[in-house]
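Letters are used for the chains, namely A, B, C and D, taken in the order the chains are written, and counting of residues starts over at 1 for each.
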């Protein structure tokens, strides 16, 4: 089995993702999906999903998508726009590679609430550190 | 004729777009395309399309798309990632609305070179100032 | 006592900040500081502070600074650049208001490691929802 | 004379900056300033300085600051927040290095109107391509 495309494996080595209840659910070349079920500890002072949770879920999908090609890629920056608050249910992030060169790649990640409404948009860039040994 | 969807009209009132040879070529609800032909005065010190040109072309498509719905929308911020240099030919930017609420909307704009390779990715957010009088 | 400037109060109502061990340590008009001690559960698959932790700490300082003026301000977007990995010790984020208007304000947040080296730079914008009732 | 710190030299090789009337006015290690006088051709359809002009002026200061150390640095991405419209007078952008590592550096650029009010905030990252031959 190809562990690089096993989402369970990808989540399990990411201790922060585990701590905040986010997990990768799909992982293909240049694409990944991550999900979390909104819990009380995910909320900010206004009772909505915390920006840090939405960012971290998007970042997890981005990390999975950008490491889907057997090379180590490290995030160098990211931008997120919050369009709608999320107050309950399943939150889902989908990351897709949008442009790349030899050293860099940019991904767009859209975060959806349980009604599949786009609630946040994330754009991240990775620096490719060379092919994995694995 | 609906002047809000007439790309010629949209470009002509934008003096900076005219000055730098960028024009809107399509304009639909939540979508727009803008183009420019790379000229010497578009280049930076390295002989490539200047970041400011690529940004301004993306920004023009973004402005056209975000003003396609008969309400005035002003840009509040934008992020651009440059993935590949462009050294000649036609440059094309396509803007699509990705998420929105009552007051804000976020657009993704992809900038292509003449070979239709994605060379830059732009994410912009507008603040909606209310319906147009027109 | 002015609870709006009590950092303990600000952190305690933010359940996600509590869950990930981040807390506000200073809060003044247009300024705030937040800190966390790096724990194993903060780490990514490479053994470094997770991007989501660094982002969430910066976001907490940003939220505290932008809510320091007795008006509710909600984050509409943010950008973060990661410059250096953090592998141990105290992490500290300082947020300062850089520009504002009646409806929007932009903050720059710098994240430092224990040696006071700038490791990440965050830029965030809030939408002001009007003065607090309190 | 050290041409790397001669702002006139830096502007003159940037054909787009010349075309849009922007020029570098100061250039030191990790710092630069650029200016333009607002002209009619800088305006958008609302009669204000075009986002593309403000971005391009900030980008010029950023390019000058990031190339102030005798190594070639290329912009890989940038974010800009527009806080206040500018309708007349001198526009000034100041770029300062905020964080860096061996390969990357991040700059904050603040754009001021003639009254020295901060009107836009820009954050840009460069990739360092190695020391200049010059």
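Here, a contact is a pair of C-beta atoms (placed from the backbone, for glycine too) under 8 Å apart; a residue touches a chain by one contact, two chains touch by 3 or more.
Since this is a predicted model, take the numbers as computed values, not measurements.
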Superimpose the Cα trace of subunit C on the Cα trace of subunit D, which carries the same sequence, then give the rotation angle to the nearest 5°. 180
Applying the document's contact definition, name the chain pair with more C-beta pairs in contact, A-C or A-B. A-C
Taking each chain's centre as the mean of its Cα atoms, which chain lies farthest from subunit B? C
Suppose each chain is reduced to the average of its Cα coordinates; what separation in Å results between subunit A and subunit B? 27
Rounded to the nearest whole Å, what is the centre-to-centre distance of subunit A and subunit C, using the mean of the C-alpha atoms as each centre? 21
At least two partner chains per residue is the criterion; list those residues in subunit D. 76-77, 79, 81, 104, 125
Any idea which subunit B residues touch subunit C in the complex? 76-77, 79, 103-104, 125, 127
For the complex, which residues does subunit D have touching subunit C? 79, 81, 83-84, 98-101, 104-106, 108, 110, 118-121, 123, 125
If you look only at subunit A, which of its residues touch subunit C in the complex? 10, 13-20, 40-46, 50-53, 55-56, 59-60, 63, 74-82
